[in-house]
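What follows are several structures.
Two complexes follow with chain A in common, the first pairing it with chain B and the second with chain C.
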Partner chain A sequence: MSNSLTKILTALGLFAIVTGFQSCKPKTAQSAAGGDASKSFIAPGKYDEFYNIVSGGFNGQVAVYGIPSGRLFRIIPVFSQSPESGYGFSEETKPMLNTSHGFVPWDDQHHIALSQTKGEHDGRWAFANGNNTPRLARIDLSTFRTAEILEIPNSAGNHASPFITENSEYIVAATRFSVPLDDQNGDVPINTYKQNFKGSISFVSVNPSSGEMNIAFQIRTPGVNFDLSRAGKGKSHGWFFFSCYNSEKANTLLEVNASAKDKDFVMAVNWKKAEEYLKAGKGKKQAVKYAHNVYDENTHTATSVIKTEVMVLDPADCPDMLYLIPCPKSPHGTDVDPTGEYIVASGKLAASIPVFSFTKLQKAIADKVFEGEYDGIPVIKYEAALQGEVAKPGLGPLHTEFDGKGNAYTSMFVSSEIVKWRLSDLKVLDRVATYYSIGHLSIPGGPTAKPHGKYMIAYNKITKDRYLPTGPELTQSAQLFDITGEKMKMILDFPTTGEPHYAEAIPASMLMGKQRKIYKIEENMHPYVSKGEGQTKVERKGNQVHVWMTAIRSHLTPDNIEGVKVGDEVYFHLTNLEQDWDVPHGLAIKGANNAEILVMPGETQTLKWVADRTGIFPFYCTDFCSALHQEMQGYLRVSPAGSSTPLLFSTGTNKPAVTTPGINVADTMKK
Partner chain B sequence: MKYLLNIVFGVSTILLGSCNETSTKTGEIVGTSETTVKGGQGSVKDDESAKDVVKIAISSKDHTTLVAAIKQAELVDALSNAGPFTVFAPTNAAFDKLPKETLESLMKNENKAKLQDILQYHVYVGSLKIDWMEDGQTLNQVNGGNISISKKDGKVIINNSATIIASIPAANGIIHVIDAVLLPPSE
Partner chain C sequence: MNCTKIFAAAILSTGLFLVTACGNDGAKTEEKVIAADEQPATQPESHGTEVKAGDVTLTTPVNAEWVTAGKSIYELKCQSCHKLTDERLVGPGWTGVTKRREPHWVMNMITNVEMMLETDAEAQKLLEQCLVRMPNQNISKDESRQILEFMRQNDGVK
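And now, the complex of A and B:
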């Protein structure tokens, strides 16, 4: 073999090998993701098109993702304490989790409703429900923080909530569990369900400027289970539709006993009529107890007020307010199309999807085409309200969203797929596998009068083997689809936090420009604010020690504190003096029986700490704020109860003591 | 020389070949797959968990016809779902009671919808023990049709024609083995 040939061959061989390797390497990350998947790729430094506001299920929080990338931006603590931010741990935020049952630091958060004006997203607030201890929350979309929590009386399992009307007039809260009412003696045998258990739907008004929620009225209903809901819109504005199951009123083994009847109901509520009855004085005041918690951004403090009265409308006094539409087999989702004409009810055990027509419903009511009554409420003949049925769509239909182009998309739990069908003729157009038991689905603007379309996100209940396994519990998951073409195309799998139920998505452009960057220090009305280091101090009130403390890169003031005694309750009121975006400071102290506090620029938050022993207790800033973050620390000295150590505090002035031979710590402690 | 060439081409082919690999299976570790992994809950590899209704049927030598029908009807993934399901599972002998042509015809691709309808008529969403079934009870099946339950002398009979001869709990529901195929009432 000649030398030159060897060289050529070597060159060829290496060339081939190199080419081989190169073909494995992506030219760009985009081409690596490949055809459909590249549609979800957002290059480093680029922004997503949509915010996806996703319920956290049993983590009690709300998560914010970017679409189409699926990147997680923020977890907003709502009904659960958050050790990361100090929400529910700081003295200012504890009242947010107050209820008539006392402090409830967890809930089960299922659905999201974004505020609307004229049927379209207005980008002001996101509303979220708490199932377990019935509550509603309002999240401010300029801060992505929980601004308000309202407890719902006469309710148990606030599942059919928080669905919203087209001008955010009301959000609703309908009870999953019917129960004896709050002012009744609830100490009754469970098998007296049919006599003693009642349902309840709350209409919660939203103040158009402040967003503040108030229970405007409740409607007393038969003792069914309410599942989901949607407001009418456009031509059906003024109506609300609720899916009901367990019309059998079973109180045990609902797996069998709530499926006995062929049909349950969709309840149609004429809330404009309800408003008229309320004006006409048909409402009755009922004694109840519920908490209303509001966070004030000027005082940086939440207050909790216990309210004791609710206005109730009884359908017996208010004819033409409620109607029932028979609906096959335990309806789950009841979704209204963008025009407001069609009400799509998914019987989760049904073999078809009934689509009701608002126009036909109105005619049936006018012509009194009823098949009878259920607890005094007229039951409309099924066929009279029915536009048609989507035949054999799949197994286990749950929820429907709309793209604004005349198409509906229904999730199928049992057959693990999404089915696209046309509203005009109810024909199935396409189906796509989600593989893993889908629950809700979301199209940006899908529940509004003007869907933004483009993408669809599936929130799945099972992820067996879809991701790297992590022991007995696997990640929760979502899947992203491109819905711009005739065929739906899966473009991304992404893991989620909590158990995602429902979500909404809103164009990034609607929220990006209105984000709060800092809180102005001069507007800080907190009673313990320090608007500068000169205002810091330590004061004793009995066994309470209040520390007016500030944080700024890179020191805490004061950072040397002495004179605290065993048994003292120390309140660190930390004001973050920064006026610079994304520079929070945190505070933690050894042995604290709660979490850190994380304080935004210009904000004041309070960490409570009890001195349980003598000694030196270091404290420090927990959020990596600067190059000298690790220097941002201090010491607190605790002396025995009754000792005479004077209350001293300082930063930078407590100079080293002159060493005195013969004195050591052990001696000091004996004294 | 030739040997060297072979090695060179061999190596590069392997490399190129490995890059062109586009079909991936569930469970494979891949960094830059270009295709979406297909295969739902039926393809989950798990020998540790309790068996679901499909896996139990597959492991029964008396249900080979049913299993073949479930596969033909593409119901494996659906029945591997969380459920819960009550599956009324006719034995091979039960299927043998049907005219041979009927069964053969149902297994043809053009009759898949009919086969799905029949099989879905054998499934109820909900896990029903025999103790929870009552004489005279009606159950609405996955295909939309109803079956009737009668209880006589300790025996449970479906549609007055099929008797439950065994019950096997599954991870995602329960299987009641029956001695006759249930046929949906003609519409």
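And now, the complex of A and C:
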């Protein structure tokens, strides 16, 4: 007894010493990054405070996380096919991925812009850019589904996009690569870059009620590369700011050649002026080809229209529309503070962060304090627009967001840290390490006139030793910081899907109440809807077989189909008759060359399937819907081409089983 | 044993004390994470309010308009699981339902199935037999009355 007591005491004593020692040891990077679980903990059954709408990078999708828990709720299919939901595979959603190049089932998704009214989030739409085959997408925040995709002509790499004005008047799409324009002969030697390559910025209008996007006009620019952008707000509303690199107009080894000059530019665009020029008829129509894809929630079907014209403004015809501000070495982020007065440009190879003043910029323009011209565009004297520089912030400043309390937070890619500094005197206040190589950062409402603050999320490119290793390819990560105090404090570290670039966060209360739960079956206008089991049927049209099918817990109707022949294209038009939340039904059939479809309550979706051989092909529901989900299945019989098997379909007729020796499989084998 | 417990408690609390004493070096910014409000109730999907005994008046002859309306709702939202005969498909056949059940019971089953499965012994018995929770089919109180009228006609009420 006394022996065991001693053991226990010794163990407890050691525990106390160890605990005490650990908690008092000086903070290394490792312990500082230890997190504060209580601040990110959301008890089971409780909700997060923010939705975090996060770009997916090379997965082409958009992810939705909860903040502060870091829990992943959804991956919204946007620019890439999703076999999980059937997006881009179902007949209804294929047109969403149509482009002037045909069907493009993947893209590289970098930035998010949430719609705004009066400079604040309004919780209606999220916009997302497709970088590779230039596109813009609009996601409806009441369904978390992609509602629209617009291709951008005269662009090659839609990187400086989608940034939004304070009343969602426009989202922009500026090209990363300058290239010969779409109506020019592009078959030119690459080293004629300076002569033949042009830049382009598209201003895409957003219909205030429907959200529908349209290219209002494009501005032709010198052949630089556009990187990032922000709209002015408040006093600077009416202006847009773009970071430009490769002002050298190099066409090879840009790593060195585009960094030759000491300064590149921030391009300031007076878009109100551009609107005036457009009204005055200064725009010129240019022949182009681009796809505009819209999903209709009543027909549950997307349509793709190829458009053939854009209106273009040439700065040569439109003085006072564009200005250039010199900016140190290849700027990345160009971010406007909540008041609209300060424009923070992060030259990723620069030793300081220049902060420009909108007031000074206006004065410099009025007084014509220019240091020259670049391709005919006035270049403002650096000092004339400069408020000041944040000195020695760190290495590789990339992107800045704001907390609405007068502070700015800049991510430092090279030195893997975030630097907090004060807008009023540009003094560095705090710095915190990230793990590792942070790209963008995000503060809820950070790009708006009224940031929600409280948290900051870092999106890191490298995780190296942070998580359990998974072979050569490792996860990317996000790190969550509490920014309510003077010191930034890491409270959570979570892996992400895809490779997030930029993200926005919006209070949960703005979106929760407006979530769509079902599609009303009465409002379903799909041409192949079955409004009730009584309307299910199978019809042949040439070599196409159309199946009007319904799903409800837990059977498919019809579930016995015969008379399909080898070579037939079978279209399963599945209507989910459920009218209850969270009861999708799926449909999969053996040998399908595409994917499954996942059909929401009240919705109709179509899976195309080609009969490639004779036999019996089972199909079933893929979404666990009830205790009898495993019974939710059926059979399709395929007969040889030219055979006379009649077209039959049924469910639950409970006919007695038939055994016909003549068509017994074993007998057939013997023959 | 008592002795052990006391020691353990004492030492544990010392350990905890050390942690708290050295852990918080900055200002106290312990802000409790506040979960967002409960899901607001204004949703297109409807769960009706409870229909009480005596809320429903049955008249003869049956209301022909309601019968027609009830039939079309039946075909859209009910037929998949309920036959008009006494044969059970997913749920019970409808023959005789208006004789077996009170009118308000039927209407609650249609519009308030969650409540019924939680509180009503007869509804729970049906779930044990059928094993599929009757789905909420987003049917309003008025529509459920029309369905009831259709059921009455199906049961031979003129």
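Please note the rule applied: the second predicted complex is superposed on the first by the 622 of 671 C-alpha atoms of A that agree within 3 Å, B and C clash if a C-alpha of one lies under 4 Å from a C-alpha of the other, contacts with A are read in each partner's own complex, and residues count from 1 in each chain.
Keep in mind that, in the parts below, contacts are C-beta pairs under 8 Å (C-beta built on N, C-alpha and C of every residue); 3 or more make two chains touch, one makes a residue touch a chain.
Source: prediction; values computed, not measured.
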First (chain B), second (chain C), both or neither touched by A:Lys39: second
Partner chain(s) touched by A:Lys464 [first = chain B, second = chain C, both, neither]: first
First (chain B), second (chain C), both or neither touched by A:Phe217: neither
Touching partner for A:Thr484 - first (chain B), second (chain C), both, neither: second
Which of chain B and chain C A:Asp262 touches, first, second, both or neither: first
Larger contact residue set on chain A - chain B or chain C: C
First (chain B), second (chain C), both or neither touched by A:Gly396: first
Which of chain B and chain C A:Phe240 touches, first, second, both or neither: neither
Intersection of chain A interface sets (partners chain B, chain C): 5, 9, 12-13, 16, 19-20, 23-24
Touching residues (chain side chain A, partner chain B) in the complex: 1, 5, 9, 12-13, 16-17, 19-21, 23-24, 26, 32, 34-37, 253, 255-256, 259-260, 262, 329, 348-352, 395-396, 413-416, 433, 435-437, 461-462, 464-465, 490
Footprint of chain A on chain B - complex, ascending: 1, 4-5, 7-9, 11-12, 14-16, 18-20, 26-27, 32-36, 38-41, 43-46, 77-78, 81-84, 120, 125-128, 132, 138, 140, 142-144, 146
Residues of chain A defined as touching chain C within the complex: 5, 8-9, 12-13, 15-16, 19-20, 23-24, 38-43, 46-49, 68, 482, 484-487, 489, 507-509, 512-513, 515-518, 520-522, 531-534, 550, 552-555, 557, 577-581, 583, 626-628, 652
Contact set on chain C toward chain A in their complex: 3-4, 7-8, 11-12, 14-16, 18-19, 22-23, 26-27, 29, 31, 33-37, 39-40, 42-45, 75-77, 79-81, 89-90, 131-133, 135-139
